Structure formats: structure tokens, C-alpha cells
Amino acid sequence: MADVVVEQGRVAATPTRRKRASLHNALKRKSTVAFFLTLPLIVLIALLVLYPALYSVHLATLNKSMQRFVGFGNFTFLFKRETFWMVVQQSCIFAITAVIFKALIGFIVAHLVHNTPAKGQRKWRGMLLVPWVIPPAMSTLAWLWLFDPSYSAFNYTLSFFGIGPIPWLGETGWARFSVILVNVWYGAPFFMIMYLASLKSVPDQLYEAAAIDGANWWQRIWYVTLPMMRNIIAITTLFSLIVTFANFDIVRILTSGGPLDTTHLFATWAFQVGIQSSDIPLGASVSLFMVPILAVAAIFILRDVSKRGNEA
Amino acid sequence: MSTLAIDKAGPTRKVKYGSMSRDRAWALRWSYFFLILFAAFSLIPPLYMLITSLKSSAEIGAATNPWWVFHPTLSNYVELLTSDQFLRFFWNSTVVSIVVVIVTMLISVPAAFALARMKFWGSATLATGVFLTYLIPDSLLFIPLFKMLAVFQDLTGITLLNRWYVLIFIYPTLTVPFCTWIMIGYFASIPKELDEAAIIDGASWLQTLTRIFIPVALPGLIAATIFAFTVSWAQFLYPLVLTTSVDQLVLPVGITTTLIKGDVFNWGQIMTGALLGAAPPLIIYAFLMDYYIAGLTAGATKG
Amino acid sequence: MAEVNLRKVVKRYDDVEAVRGIDLDIADHEFVVLVGPSGCGKSTTLRMIAGLEDISDGDIMIGGDVVNDVPPKDRDIAMVFQNYALYPHMTVAENMSFGLRLKRYPKAEIKARIDEAARMLDIEELIDRKPKQLSGGQRQRVAMGRAIVRNPKVFLFDEPLSNLDAKLRVQMRIEIKKVHQKVRTTTVYVTHDQVEAMTLADRVVVMNKGRIEQIGTPNELYHKPATRFVAAFIGSPAMNFLPCQLEETAGRLHVRLTEQIAFPLPPARAARYQNAKSDQKLLLGLRPEHITEARAHAEPGVEAFDAMLDVTEPMGMETLIYFTLAGKQVCGRVNPNAGAHDGEALRLAVDLNNMHLLNEATGAVI
């Protein structure tokens, strides 16, 4: 008799223990833990990046007061505006020109630093990276002051060489030049640091072999350095194209898009149209135009990177 | 068994008998020359900020040599550092940046650990997804986010727009993807044997993370922290759009909007404000330059 | 003409002299091996010949011209590196033709040279592959192919076989020798492995601590080493060195190892050591193959004695025996069926016709 009672008791006890055990086990299982660890990341990206991106498409289809659905109305409106096409052209030229110069200067300076004795390289790196460390809003203010129509320190210095006062920000051609100049000043150090790290990873013996094979300095760069750096060049160019294309700070502070909208980029014009003129759907439409261009660039370069990656 | 019949009939190069060490010395001299040029180019704007900040308005208006300070004065500094408004900007920036750094690390580090070590279904896609998210610029998202916050405010009555703390929610979208990417790189470089040794010693996943990984990946953590701080501190677009009242502004926006009163630019103060605004990242950089650079290169080269 | 001459070549790094005055004449078509332990300066010397290191002092001449200040690309040399140094993004054909393409050789000529070299090295099927698709041995052949097609005045090899496993090393040694027989280019080869030196070289240069210890053919170095270093370095297992004394007993010169053991010297040797100062510390040098089991009939110059063996290593074709004599561990080689066992005694014989006497202080062989 007693056995049966004990048996029953035991049977009754195990189900609850098993239930607790399974929750415990579930928590110990790798994929559950992993899920919880990545959950905040997923929520953040879904809620504050992916959703707004899609929401932006929805917004672009509304009218100014956001009551009515107008489909492609905003887009057709933009296509007819001359400013819009100016912005497209300006953004592309700005991004491509600035990135080319940043990459070139970064490459050259990286070589210069790489060729100095190792002990001194640190201080050169330190000095040359400063533009990238200073918040762009702050340094652009300094440039604004350097370009000031009445008090420009550059014009002051140039006047000693007989070169007349340059309207750095007042005239379209010079304004575009100045904006690109400041962007290059800000962004070249990034390229320099990336390329410098990559230069150090090319084995010395390859250069020695090339030297013995008869290559002079630029042949060594063309046949050894550049091919070994193909991947890093592609990645940095991609990053920079996207970041430069979407640039806001520099243009906003230096020219606010002027004179006469000739330095507007997508970001600054979207800001002016969407926030300052309170036409959110139109602003959203402008911003959205960046997407196809960015996507095309991303696809090209990512494809190139993975193709090379399989070779290495 | 023919002997190799290669004759030297091919074009030969005229041999120049220069001096190798002399050529190398000249190359070095040219290198230094151009390096000095580039370094000067890099440092002129911040130096000019410093020079102007030491000038009084009178001296600036007098349009004397802009590269030299004839009557240095600290009045700009004093005015700004005693101005409640400026101190408010500085405070807002500091609080936002520090909180965002903490939030970022709390989200990034566990996620990076999971993505780097725990091979679970979808981890590869998620990792690539994180990388791609970094490519979505803020200039695409600021308008919909603005509208979303307005709608949220209408629906729930919780004020988010025009409050400095809204930035704490928004900035992580900029910092978390790259910090996660950096940490994935660092965690992945820790040899698997350490995991296994820890498991044999009886550690759970959490203990492995806190007692083994974080200490070993500390350089990466420091680099990611510096990155998150610097990016938060320098933000301009989001605060410009999302905060408008003077007491809610952070430093970059505050300096550019308030110190320009109408058409009058008080350049002495503006430059002082800009320099003070640039100071925290510069100071961190000066002391922790190697971590700074490591953060940059780790993210991209491991991509 | 492609001889290489080094005159009093010195290499200084800050205060340290890595190479302290080397004089060397390498004749056209000769295969010379620089051999020595790590840090002896052999690689540095090779790199100075290549132009990859500056010469601190002295002159280097290639083909009669002083090349101290000539950059590597103008010296008309080719080098095979330890790590192959193949261009990872180029195919085998492109790797091999790189130097020729830089000098704008006509395409037909380039193709002819590549085909010839590929055939010689047996890498014809690999022509279109990339280095990462090749094994270590194949990569080393491509590196050699790159050197061959240039048809330079001098081949330089910097420890090319060190990264290969033992079996492959033996194979590649034979390849290199065959290539040299066909192409006959002056070659300077650096290695730390004395077996490579002995098997490949026309002449061997033994280096130690930045100086040349001895130059000679492999046979000369083996049988007539000039210094203790060379005697110990060449030959495996290494030569045995036993402290000894010369004494004259019963009108004949004897060499005494212990109180019990003294061997009479053969006449040829006795004549040479006549004037050796017996008050200086001397060492008896004997190669293991000259310490064997005692034979049935006596031979002139071969003396027998008893020894207690410590350890034996049966190698199959011979057995290596280790025992203690005069306080030192000695190695000998005996027939596998001589009855050598660990811890047992064995009657051994030393062949004093092949002995060496060294001055312990100076290391010189008398």
C-alpha cells in the first residue's frame, strides 16, 4: 500500500520539475540566448532605421498637408523643377570629385608617411588625422571664417601676391570649389589611415622581388601595391561615396545651398524643402532620390569586393 | 638534354650608376617636404580657430593681420564659460553623448558576441544586415523620423520632439551598427580554444562573456566607445531637426545658431565656441590615438 | 663574364658588425654555397650582393663592374626567396614573365623563354594557375622559373628549401642541381643546412659570426677542416672532440686520452705533429665513422680499446653508439650486427689515420 502512495507522489512531482527544467533548458540552449542577445539590435534597426525608410516612401506619396494620397505627384512635381535637376547633378559631381581627390591625396600621403622611418610615423599620423577628429560642424565654422567675404585670412595672404579677393562662397564656381575643398580636407585623413594600414600589410619581399625583376618605383606601385590593395580601395571608396553623397553639415554651414541653390545637395535641399518650408512629403521625395543612386554604387562595389575576395 | 639556348638578344636597359643611398636621402627629403605641406594644410583651420579665439572683437573688426594676435585676450573664453546658455549646450552634449555610449555598448557588445561566436540560424544574414544598415545615411531618415516622433507625440502625449533626450533614442542608429561591426571583428579574433577551456572549467555563456571575452577584447571595446562618443558629440543634422528651443540644444547646433545674432557674427566667440566644442574629441584623440585609429581600421579592414 | 668578387665587405647596423670583412671570389658558372648557423651573416652578405642592403664598407663586383651603388634592378641578377615572394594576383606565367615584360621583351621571346623554363621545371600544366592554388614545392619551382627566364648574370638563392618538408627538400635539391647543370649560371646559395651545402656546391663557404671560417670544396671541408667550427659544423653526426695530450713514449709520439688509454700515432700523423707544443691544451677530433667495432685483423693506424656503451641507436644500415670517454660523450658508428647493446661493453677501434688535432684555445686544426 505504502509503495503505491509513494509511487503516486513521485509521478506527481516529476511533471512540474520537468516543466521548470524545460524552461531552464530553453534558456540554456544556444539559439535562445543568442536571440535575446541580438534582440535589442534587431529592435533598434527595425524600428528606427528600416521602418522610417519605408515610412519615407509612404510620406512621399502624400500631399503637403499630408491628408491626401497623391501617388507620384510629388515626384512629377520635382522632375519639372529645374532646381531638382541641379541638385542631382551637383550631388553627383560633388560626391565623385570629392571622393577621387580624397582617395588620391590619402594614397599619396599614406605613401609619404609609410616611407618615413617607423619611429616618427606616429607623430605624422597624429597631425594628419586631426581634420577627421574635429566635429565637422566646428571645423566648417572655421572654414566659414577663413572664407569670410570681408575678413578672409586667405584673401589677406593672397593680396600680398597681387591676387585679388576671391569670393570663396559668393560666386557659384568658387562656392562649389570651397565646398569640395572642405570636404576633401575633412575626409582625406580617413583614406590615409586606411591605406597606411593596408600598405603595412604588403610583404616587403614582394617589393624586393619586384626590384630585382627590374621595376622602378612607380612600376612597383602599379604592379605590386595597387593590386594588393584592391579590396581596401574598393571598400573605402564605397563608404566614402555614400557618406559624401549624403553630406549635410558642410554645405549647410558654409553656403546653405547657395548662392542661388548652386551648391545644394540632396540632404540640404531636403532639409530646406521638408523642414524649413514645412513640406514633409516633398522633402521625403527628395531624400528618396538618393536611394537608387546609392544602391547602384553599393551593388557595383560589393560585387567587385566579393569577387576579389574569392581570389585572395 | 640541350643546354638552355636563351641568348641575351633582348633589349637591355642602360645601366645608370647613381648612388643608392644618395637617391634614398633625396627621396626622404622630398617626402618630408610634402608631409610638412600636408600637415600644415591639416592644421591651419584649428590653429586659426585658436588664434581668432584670443582676439577681441575690436581687433577682429580692425582687420589687422589675421594670422597674428596683437592683443591676446581671454575675454571670449570667459564670456562663454560663464554664459548659462553655453554651459547648457555643453551639459546637454555631455549627457547625451555619455548616455548614448552606454546604450550603444549595451546593445552592441552582446549582439556582437552572439554574432561572432554563437553560430545560430540567420547569424550570417544578420551580420551582413548590420553592415548594410551602416550604409543608410541619416539624411535619408531624418524626415520620416521627424514625422514619426510628431505622430507619436500626438498619439501618446509623451513629448519627444524638441527635447534633448530624444537624441538618446536616435543616435544609437548611427553608433550601434559600426560598433557592433568593430566588436564582431575583435571577438572573432579570439581563438576558439579559449571558449572550450572556459566551458571545461564550467563557465556558462554569460560568464564566458564577462570573464573572458570582455577583458581580452578590451582594446576593441575602448575603440568602439571612443567611436560612439565622438560620433554622438559631433552630430549636427539630427539635433538641428529635432530640437529647436535654445535650452534643448546640443553644442554643435547651439554654436552655429545662437552665436549668429541676425547679421552680426561675433567671430571671436564663434571660434572660441567652436574650439571648445572640438576640445573633448581632440583631447580623447590626443591621449588615446592608438585606440581611435584601431577602431577605424578594425571595422573596415575586417570587412 | 659573370664572376662575383667581394673585397673586404663589411656590414654595420648601428654599432653591431653583422659582416666583418669578407673576401670571396666566385668564378663564372660556379655554384657557391654560403653556409653557417643563424646570425652568421650569410643572408646579409647575399642581400648585399643583391643590392637589398647597403654596403657599409668594401666592394662588390659583378662581372668585373663595381656594383656598390647600383640598384638591384640594374644589377642583372635574379633571386629566389625563402618565402617564394610570388605575386599573388598574377598567374604563374605572369609571375615568370614579369621582369621581361618590364623590359619590353617581344611577346614571342617571352613565350619561348617561359615554355623552355616550364618544361625544365616540369610546371607546364600550372602555367595559368595562381600561386594560392599551388603547393609549396610547386611555388618554389615557379620562383625558380622566374629567375631562369631572366637569364641573369647571377642566381641568388636565400634558403629556398627551408619552408619545405624533409622529403620535398631532397627532391628539390636534385632539381636545383639539374637546373644548374643545364643553365650553368653563376649561383650564390645561402643555407643553414650543411647537407644542402655539401650536395649542391662546387665550393662551400663556411661562415661564423660575420667572418669566413673556411672556403673549399665539400671534400676539402670534410676531410681537411681548418678550424674546430668547420670540423664540428660539417658532417652529421658531428665530429667528436676529446681533450688529449701528446707524449713521447718509447721513441714514438702517443696521444693520451685518459690514464689508461693512449694511442700511438701513425707515422704520417706523427710527422705532422712533431712540432706541436705539448704544453698547450689539445683536442683530438675524430668523426663517428672512424670509431667502429674492432675488426678481426689489425690495420696500421687503427687502435682498439674497450668501451661501455651508454645508448645505441639502431638506424638500420648502421647502429650509432654513444659512450663516455675522458669525461665526454662520444659517438661512433658500428655495423648493425656488431652486437652493440645499451649498457653493454663492446670492443671498439679508432682509425687514427683520419684523426685531427686541434688547439683548444685557438680552435685551429694543426
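In this document, chain identifiers A, B and C correspond to the written order of the chains, with residue numbering beginning at 1 in each.
We take it that a residue touches a chain if its C-beta (ideal position, glycine included) is under 8 Å from a C-beta of that chain, and two chains touch if they have at least 3 such contacts.
The structure displayed is predicted, hence computed values, not measured ones.
If the chains shown are joined wherever they touch, the resulting network links each chain directly to all the rest.
Counting C-beta pairs in contact, the chain pair with the largest number is A-B. With centres set at the average Cα position, the gap from subunit B to subunit C is 57 Å. Subunit A and subunit B have Cα centroids separated by 12 Å. Between the Cα centres of subunit A and subunit C there is a gap of 58 Å. Annotation for subunit A: residues touching 2 or more other chains are 214. Within subunit B, contacts with two or more other chains are made by residues 13. Counting partners per residue, subunit C has 51, 71, 74, 103 as the residues that reach two or more other chains. Contact residues of subunit C toward subunit A in the complex are 50-52, 71-74, 77-79, 81, 83, 85-89, 98-99, 102-103, 130, 132, 146, 150.
Partner subunit A is touched in their complex by these residues of subunit B: 13, 27-28, 31-32, 34-35, 38-39, 41-46, 48-49, 52, 60, 63, 65-67, 106-108, 110-111, 113-115, 118, 120-121, 123, 126, 129-130, 132-133, 135-148, 169-170, 172-173, 176-177, 180, 204-205, 230, 233-234, 236-237, 240-241, 252-253, 255-256, 265, 267, 270-271, 274-275, 277-278, 281-282, 285, 289, 292-293, 296-297, 300-301, 303.
Contacts from subunit B toward subunit C in the complex involve residues 1, 3-4, 6, 8-13, 15-23.
Note for the complex: subunit C touches subunit B at residues 51, 54, 69-71, 74, 100, 103-106, 109, 113, 116-117, 120, 148-149, 151, 182-184.
Residues of subunit A touching subunit C in their complex: 203, 205-206, 208-216, 219, 223-224, 227-228, 230, 311-312.
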